[in-house]
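Chains here go by letter, A, B and C, matching the order in which they are written, and residues are numbered from 1 within each.
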Amino acid sequence: MSTLLSVRGVSKSFGGFKAVDGVDLTIDAGERRAVIGPNGAGKTTFFNLLTGLMRPDGGSVQLADAELTGLPPHRIAAAGISRAFQITNIFGRLTVRQNVQIALLAASGRAYRPWGNGWAEKVDEADAILGEVGLPYAAGTPAAALSHGDQRAIELAIALAHRPRLLVLDEPTAGMAPAETGRTMELVRRLVAERSITLLFSEHDMDVVFGTADRITVLSQGRVLAEGTPEEVRADPSVREVYLGTGDAAR
Amino acid sequence: MGIDDLVIQFLAGLTRAGLLFIVAAGLSLVFGAMRVINLAHGSMFMVGAFVASSVVAVAGGEYGLLPALAVSAVAAAALGLAIEVGVLRRLYGREHLLQLLATFAIVLIVSDLVRLIWGEENLSVTRPAALAGSVDVLGSPFPSYNLFIIGLALAVGGCLWLLINRTGLGRDIRAAIVDPQMLGGVGVNVTRLFSGVFVLGSGLAGMAGAVAAGSGAVGLGMDMDILIQAFAVTIIGGLGSIPGALVGAGIIGLLDAFGILFVPRLALSLIFLAMAIVLAVRPSGLFGLPERA
Amino acid sequence: MPGANRLRWLGWVALLAVAVPAPLVLGELQLFTASRIVIFGLWALSLNLLLGQTGLVSFAHAAFFGIGAYAVGLVWLHLGWSAVIGVPFSLAAGGTIAFLMGLVALRAVHLYFSMLTLAISQLLFVLAFTAYDFTLGDNGIHGIELPPFLADTSQVYWFVVAVAGFGVLALGIVWRSPFGAALQAIRDNRLRASFIGLHVRRYELAAFTVAGMFAALAGSLFAIVNRSAYPGLLDWTQGAVPIFIILLGGMFRFYGPLVGAIAYVLLEEVVTRETLYSNLVLGAIFLAIVLIAPTGITGIVERVVGRLARRPSPGLTSLPEPLAETLAGEFEPSTRDVET
């Protein structure tokens, strides 16, 4: 299988604190990869470096053959990485449909046109995506008015609107009830399979991790502690030690 | 132009800087701790100046201005408390724009209230007898009142340093400047902190107004004049930084003094030019923390 | 909703039906008031492209209004051309200066951006004030002569309505376009907008430039009507006028600032006629709106109409909040206090 994402020696320090310390990561096209680790292991910072929210101090990031190191978020998005956030991060005053429409418009590269009717564009396509994530009934409602779970679904819909090659999800089920968690991950698995999207996600819920990931990377104190199939990681003594040692045991 | 002229001009610049520092420190604290751009800060200054004129009128010119410093500070602090409790408190957690607009509405209201109470005529305030003379600096006379302003500014700076670095309130203020979202989480009484900071800032502006009353005319319009200069100071130094306010005040004060000496026609624009250049190079000022996207 | 659409068209037609024949009915002074409404309306609409649609708080909008007025004054004074040439010229002047100012000011975000616009606009104000040879300094330029086809007040009024009408139309097209939609997304969530692939700063720069162009156009009309241009127009405190108008009318509808301009100019006339303390009254009204009804007149009307129609309107009761909080939450607890 061909390599999609290739990260080499990426680092980021804050003051003297090394949040991410020389992380290597290679993801094959079509893979579903989880990144796990105790709180403060550097997962979110790593995702921030990958998607351009922060600029790495060192190392390189490549998507297929494109060099992405240090590019701003909008360039990285254009290159084919899209991201959903840990804290729900949507366009609250826009309607649910408009949230997806604007993502579609941005992805089409035609959002700059200063004429025509902006909110009449991409309606059908947006509704199709809303149907897929299970939100067709809410299309006309301001996004901020929806429940937490539905807002997570909007996140997903926005991220999908790009037709990304790599979808980065930061704790997609954070704050969800168990039943909701199951439904959400099922949806994610189905969507990435249907659209042949490569998936990179972080998650605290180990059931979610082991139920979805093809391979798992374990971060601890900003470094890669272990990497392998779910079985390999589960059996790895150093991983057990990190989790048991910090009291943040797998649930 | 001799070296003594330059020294005198330098001291004049420091005098200006001292006054600006007292005003800007309050503005900067309010922004740093509350993330509110208080357009009414200049109004507190103006109220302080007018109150001082009344105190001197009642208490007499010989000592009048000294108690006026305290009375003006208290009056402005009380006004600040009323504004914080009556208006701003209802807007926390809302948009910055609404807070900004509310303080602008207060600017309009206060300017007319001052006109209503004190009239439209410019007033002048007698300096206390002990500070009315001048001292000899390298053979040139320099007003002792100006030295008093410089000394007062240093004292205020020292007190603020102690307050911020040595007290519980100061610790909360520092926490607020770094991350206002974390405050409630770490057990800070946010309501009390915000009231305290706003009252402190207002009081400083009121006292500065009384100081300024002894330096020049007291009149309508001094609210906006001082506000724009205090903004320049705060922005150059970095919003929320007291050392920044000190450095910024020094830059603006000296630029003002030497600008008038060397390039009188451009003196006014120098301040804004300095402000624009500093911000263009360092968008969060010399000592400020960058605002998050 | 086709019903709402039809109502909106009806509103625009009614506005034209009132505005165009006004000189046939109104006296000279009232016509002057009507011109002010039209000019302030255009000015506030241009600012709302930034404030309501993009979420940018600019303190420089008085500067662009003043630049437009000076475009008319300087063309007449130095080139000896007809003052009317200054009107299209103001678009170019406002746009160019806004573009340059935006390049510098948009390096900063949020409140720092606002402060930078304040610094640069005050610099322009001081320049207008001190460049005696060029601008006649604090005297200002007065007695600007108008061409024969603008000989009487009615003709001037129709000219203002025609030019401002063009401006409103152009701004309306931008407001409704995909570009306008992208600006709304940026207003709602600047960070997220960049993650869906929008080059946020470039969009903001474009919005700032367009807003500057049409503010200058409004200023040029002011100079035509008043036959003068003076430095006080550029002073940043003047920028409160369009903000007040937007707040009064409501910032989430394109036509909100036009409603606000009618209300503001009439209110201002009544207040200044009835009391010596107009700032006190206007300030109190302003404060009341901020505290009680931040969505302005259009917001109130929509809520009332929505209630009458028994359809709960999803009415926006609050203004856009910068996303600093959201971003702060993005950092892991262990890194949050060091990340800036």
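Methods note: a residue touches a chain if its C-beta (ideal position, glycine included) is under 8 Å from a C-beta of that chain, and two chains touch if they have at least 3 such contacts.
Since this is a predicted model, take the numbers as computed values, not measurements.
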Identity of the most central chain, Cα criterion: C
Label of the chain whose CA centroid is most distant from the centroid of chain B: A
Between chain B and chain C, centroid-to-centroid distance (C-alpha), Å: 31
Length of the line joining the C-alpha centres of chain A and chain C, rounded to whole Å: 40
Chain centre separation in whole Å, for chain B relative to chain A (CA means): 47
Set of chain B residues in contact with two or more other chains: none
Overlap residues in chain A, where contacts from two or more other chains coincide: none
For chain C, residues contacting two or more additional chains: 191, 320, 323, 329
Interface residues, chain B side, partner chain C - complex: 31, 35, 37, 87, 90-91, 94-98, 100-102, 104-109, 111-113, 115-116, 178-179, 181-182, 224, 228, 231-232, 235, 239, 265-266, 268-269, 272-273, 275-276, 279-280, 283-285, 289-293
List of chain C residues in touch with chain A within their complex: 173-174, 176-182, 184-185, 187-189, 191-200, 203, 206, 210, 314, 316, 320, 323, 326, 329-335, 338-339
Residues of chain C touching chain B in the complex: 51, 57, 104, 107-112, 114-116, 118-120, 122-123, 126-127, 129-130, 190-191, 236-237, 240, 243, 247, 277-280, 282-284, 286-287, 290-291, 294, 318-325, 327-329, 336-337, 340
Chain C-touching residues of chain A, taken from the complex the two chains share: 14-15, 17, 19, 39-40, 42-45, 48, 51-53, 72-74, 77-78, 82-83, 85-87, 89-95, 98, 101-103, 105-107, 110-119, 121, 140-142, 145, 158, 161-162
